[in-house]
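Worksheet: the structure to be examined is printed underneath.
Naming follows writing order (A, B, C, D, E and F), and every chain is counted from residue 1.
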């Protein structure tokens, strides 16, 4: 958990972190070197099987037209249909989507489910458009991809900037096309449309379950363990709660504005109340504010990276999982 | 034919010519300005409807694996199925394909056929691979695009680096998938598979037919006209022959190695025999060699640009057609 | 169980009962009022999504032709494929089918299965036609509906005038069309074709199970309870038997010809033997005959309505379920 | 052209005219009697093959929801795909659509084109809704019918209350579903989308062409013939012009407000100018106003009924064509 | 026309003629030898691409069940969809169908239409079954072949034992499956269902047209030419009539019972009247009866073989066409 | 287990054994006689529903072409999709495949799984061709059968001459055609592609499980039982091991070269080591060699026939299972 084993990540804090795609390729290179795979095999594992870029014209509520660019990358379908999130953000670009798709391939393979990896995105700031506009954008994007998605081909899921409602629109667009309701066209849809119970907290639970297993393997008693959690979104806040429930002392947490610290453990109920009121962690009762990067170097038994990718300038996500 | 009306092309010979996509966008901008279309409309007309990038793994004859990148851009299908060539070249890139696809949209609209524009390409040097390897590459590329091509959707044609045989492979791959022979899946296929008679010379004939109409409109008698032809491939050599048959005096011609000139008109039979023997024009009997760029500035009544796009550093193709 | 809460059903015995569709709409109105839904929502919930009426020409065994009218109403498919019975009766009309389809939507939603409601019918007296004729009628009706039925769209089931054999014909017609056997095209098919064990007695079991739960909730000991069962078909006779097995004293039962009563409880074995012999209940040993309507007003703990809809002139089915 | 041969049309002017479906059935009965067809055959010819009724929910521009009822009747597809208009009117009902569909079957058979008859309609007043609302209504209606329409199945066309734009919406909805542009999905689409040139005036031209043939057969010289035209819409006004161009003296014309008459022939240019200005015929220069019904009894060689069906209370359309 | 060039056909009259398949293979061998094709190519050209054998159970009018065997051979589809007749005969066997399919491939290629060759058959004596039984047999056979036939795949036509009605059943079975009328599914259908005018006499006309061309090439004046026609079915009787109309003296004709001869030419009207009355040619007025085999050795300028294949024991059909 | 009850198998050792198809039909005849089924029913049960024969051209590694014949017989699909092995052997012929398909129908029915029986084969010696050639043969054969196979229609499995790799090729060819991975297209695929764990030993386990049940029913203690196993392939060798593990004394075993015997029981570890080294059983330590046919007449409690069908000249497989 401490020393980096990936020379490619020894960048100083002065240089920008590698792009997601660069990073993902470095990780693959590292793995291929470990496994003794030659370059041809690496290129085969790296090159996405299919990439789609589509125009998404929107007639806005004010009658004007704006054209967005949407992507979908299906990285590898050897193990089954591809699956992966759909991201709405002004920063979306093909390189990022490509990296996220390859990571999905790896994730599916690691947990041995019969799926491959994909990822999609539209280059749009969802907060700048009305719900009706987002619906039209989503339906048009889905329409353009109809021949290449579906329960047997490629299955979208919510991601940054999209949610249950987005999935409901995709599912409906797809279903109108087939002529009957196809709940399997997306995951992360509303419960009332066939969504899975427990999906909301699944990532937090997974992270904490794995952490408990790691503790057990290393002979660490959770009740005497200390943890720091980077990120306080759906995953991070959930992990803080579940770690606490498991007896772990959570000594630090951070959000996009700052980090808080209490060596004796956070009063997580008080922190949560404060966060809901103020919209940030810094200043929570019984905590001192520390530098966000310092959180990553605290002397803890467990460090949970629960921010968006690329937020850690010193260690790549791979370190956490491989370290 | 003489003065450029496009300010965007007044580059000096020292700067590289704009990329095809840049050039195509400038042409669209010029047209939209003329037509009074606003920016939203221009972006709508410019953005390709769908772009596909696929991995094309090849098991080479020596057993090793190589992965190529293939593209297909469907620019606009409002007027009907898209159609456009498929290019095999190590220089293929998405920007070039995008430009060629938009030009196809315009060409189809100009001659008022119910088709839209598309273009495809694989980044491969076809001379460096065996026929069996090229067949496997072509079939795999076709397989990946199966859901989005076909007589009602998008119809490939030969282009630089591909030919009748390539189209036959695509047609067969498509037909095996549908379960029956689908000649409409490609154009430019061999005559024995349903190809169109006369396709080979169609471009030359079109160029010369248009030239004769231009002469007629301007009151020029072909028998007293002088022409220069840039390029001596399938189109250029055919145009030389047809112009000569129409009574025009062809005074200059060029290929990738040089240009030839005879102010009294080339002896085209002698030139053709020389070219077939030596593989180049320079040195043909009864001609003097001139600079290739000089050919573009000869005092002629007709200048035929029949080289690949971007070969003229002083005038863009648009000049010739718009000038 | 006693007083009607629906003012719309306070019709006297002199006026005809409301038609099924009228009745169903009144029930929906009642529910919408309770839930505070506005009229637009009520109309949306009420209007069937799709209604099909098809001509069903039959070449009869004697060579003459007769044309029947068949209906299929798919009321609401928001929750999944629609499902519902297929009725063969000379009384079939679109209003009745429409009502039954809406009731199916409600039933599926109440038991929370991912299906919507549908219903179908052919206006034919099945007793007046040979088996071969009924097969041809069924197959033709199915053929006409092929584009809109199927395991993912709409799934027929047996109802009044149809049975396992009818479902087998539908399943076969559907399967010939798809090219392979599709057991999911119908429910209620013969066991040998994939039908569900226990389907025959499922309705009786369901009615009695619910009754026992109602007793438990109200603190009634079944061994001291008294029941009356209206209808002695597959459902009614089954309920009589199962209630008796559960210790309930069944004091009255009725069929389309009359009703029987014994305040000390019917000797159900004797009643069944008598019914099988004589084809009616009236006159069964150890019983007195009473008026059919009187059965509905007996002082019992449990009244099971197991006749076709609309048979009770004083209380609508809704009373029983809502009362 | 004079005496009615259909006893079923001898209704006095005091009784309302028969409904379209009643009328159509009477016409069929009359034809079957003539042809010696028995009742079974008549019922077979009469019963529509398939009738669809669908709910068309509209979210209006003000956010509220309204549900419309749409119909489509495919009367007979023995001779090929069915075709027929789509009508938007608050008076649309299944009986009317049924009659119009049967008439389409007859029309297609009479001119011996390989099509059968269909007709559709939505019960909506198109003038009371915005273009955006009508688009949403049209697209939803089309969506619901997707499995049963198309170039090989059933082809909509414009009719009362719908136009080229409506057809463009239908074509686009259908095309999005198939994944490529399908111009054959509708007739009457805009020219720019593949519509047929000359469609606008086709009905007038047909009426006048038939009239000239009738004159020729009866030995009437058009230059000495006199005509009256009932209705001054697209068909009627066109017929007036074309008759005049053919040398026929048009002595009377009518619209929904009144009729005009000039025994020496209308000055059709002046009439047209007046009509375009005032929106009605009555008062046109050089004409006297007469009773609308009187027009039908003028002593003319040719009477053109070009109003909507049922406008003539004394003679049914059948008279004109059969008389 | 006289000496056999095929050594493989020098069988004496004592040995049975080669089977159709043997014969067809010998013809192919002969052609490959001429063309210098090696054995691998010959086997490739010879082996049918796909052969289907299906069980055709029939519930007979008397309720019993009989199972027939049906075949369909698709010999070669390289040039387009396969097409070929469907034969009902108790003698049908796979070898015969295979040969006929290969001959169809050759015929289509010779007249350069974009079709390949196929042939089908059911081993049934059509005269021994009712029309209703034949309909059920035809529909079931068609059903079994649904995935592999159709306008783009394989198109049946009438042949020995089948006719327009058979084709109408096939077309209807196919059309019910697709959901709309598909006239292109068969050729040889009734005119009222879209059949081609002139099909009935097409073979006779073709034979006589070719004969006239042969006369012209050899400088023979038809008015001085003498012809013999073997077979007096649809083709033979038609050819007799058309030759006579072209001025040729038809001196002999034969049917399955015998042959007739008149060196001065038959009185073809009298012969036809006699044949229609008596059902045979022998005994026709103004003729002498000769041995059927003698007809093949008459001294004529033209010999038309218009009987079923294999009827000539001395010369194979190939002689006539190749000789 | 001892006396034959099938009169049709009383052939002496001098006559060749009946062909598989003859044998299978005799078994069916026997069963029908027992069940009192008439001939029509027997023919219905016997006749395969569909038989396909396809040409499989192979361009060999040396550039020459060879054409193979492939078969697939779908015997009966009444109970569900058909399934059955695919055999590569130079002895493959339609009669054999037909018999094996009917046996598959029976096997599926006996164990009451919702499948019917099929079988396929290509007439090729797989040991004489390279892996690349076998791949091309397999893919082409699959391509030809695409319209009639698949998870809902007919599912191939490995058999003599084919293995996991063959199934992987079929699955991939099928999946490329559908556009997504379809693991259900074959059984017996590699575990990494979704194959079933335990499939390898399933037949041995089944044989031994059934044997143990037979012992139990007959009151035989396995520890005192003696067994002989004919065949030492995947099934036979596995059965020897499992019987030994169950305590049974295996006294004899045979392979295609000879048989070994030890009345005290084979030392199965030693036998296995010897077999792996020498490729045959004869000569294994602690055994005497006996005649292969003698093995079938040893005085044992259990005789396991685990050779290919037809290897026993004295008793048909039916004896063992029915005896």
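Keep in mind that, in the parts below, a contact is a pair of C-beta atoms (placed from the backbone, for glycine too) under 8 Å apart; a residue touches a chain by one contact, two chains touch by 3 or more.
As the structure is a prediction and not an experimental result, all values here were calculated from the model.
Undergrad: Give me the chains shared as neighbours by chain E and chain F.
TA: Looking at chain F and chain E together, the chains touching each of them are B, C.
Undergrad: If every chain is reduced to the average of its C-alpha atoms, which one ends up farthest from chain B?
TA: Most remote chain from chain B, centroid-wise, comes out as C.
Undergrad: Name whichever of B-F and B-D has more C-beta pairs touching across its two chains.
TA: B-D
Undergrad: Compare the CA centroid of chain E with every other chain's and tell me the farthest one.
TA: When every chain centre is compared against chain E, the largest gap points to A.
Undergrad: Between chain A and chain F, what's the gap in Å when you average each chain's C-alpha atoms?
TA: The answer is 50 Å.
Undergrad: Averaging over Cα atoms per chain, report the distance between chain A and chain D in Å.
TA: 60
Undergrad: Using the touch rule from the top of the page, what residues of chain C touch 2 or more other chains?
TA: 147, 179
Undergrad: Can the chain contact pattern be summarised as a line, a ring, a star, a complete graph, or none of these (other)?
TA: Topology of touching chains reads as other, fitting no named class.
Undergrad: Each pair of chains that touch: what are they?
TA: Chain-chain contacts present: A-B, A-C, A-D, A-F, B-D, B-E, B-F, C-D, C-E, C-F, D-E, E-F.
Undergrad: Would you tell me which residues of chain D are touching chain A in their complex?
TA: My answer: residues 143, 146-147, 176-177, 179.
Undergrad: Enumerate the contact residues on chain D facing chain E in the complex.
TA: So the residues of chain D touching chain E come out as 77-81, 114, 150, 152-153.
Undergrad: Where on chain A is chain C touching in the complex?
TA: It comes out as residues 178-183, 194.
Undergrad: What residues on chain C touch chain D, complex-wise?
TA: So the residues of chain C touching chain D come out as 40-41, 43-44, 47-55, 57, 64-67, 69, 144, 147-148.
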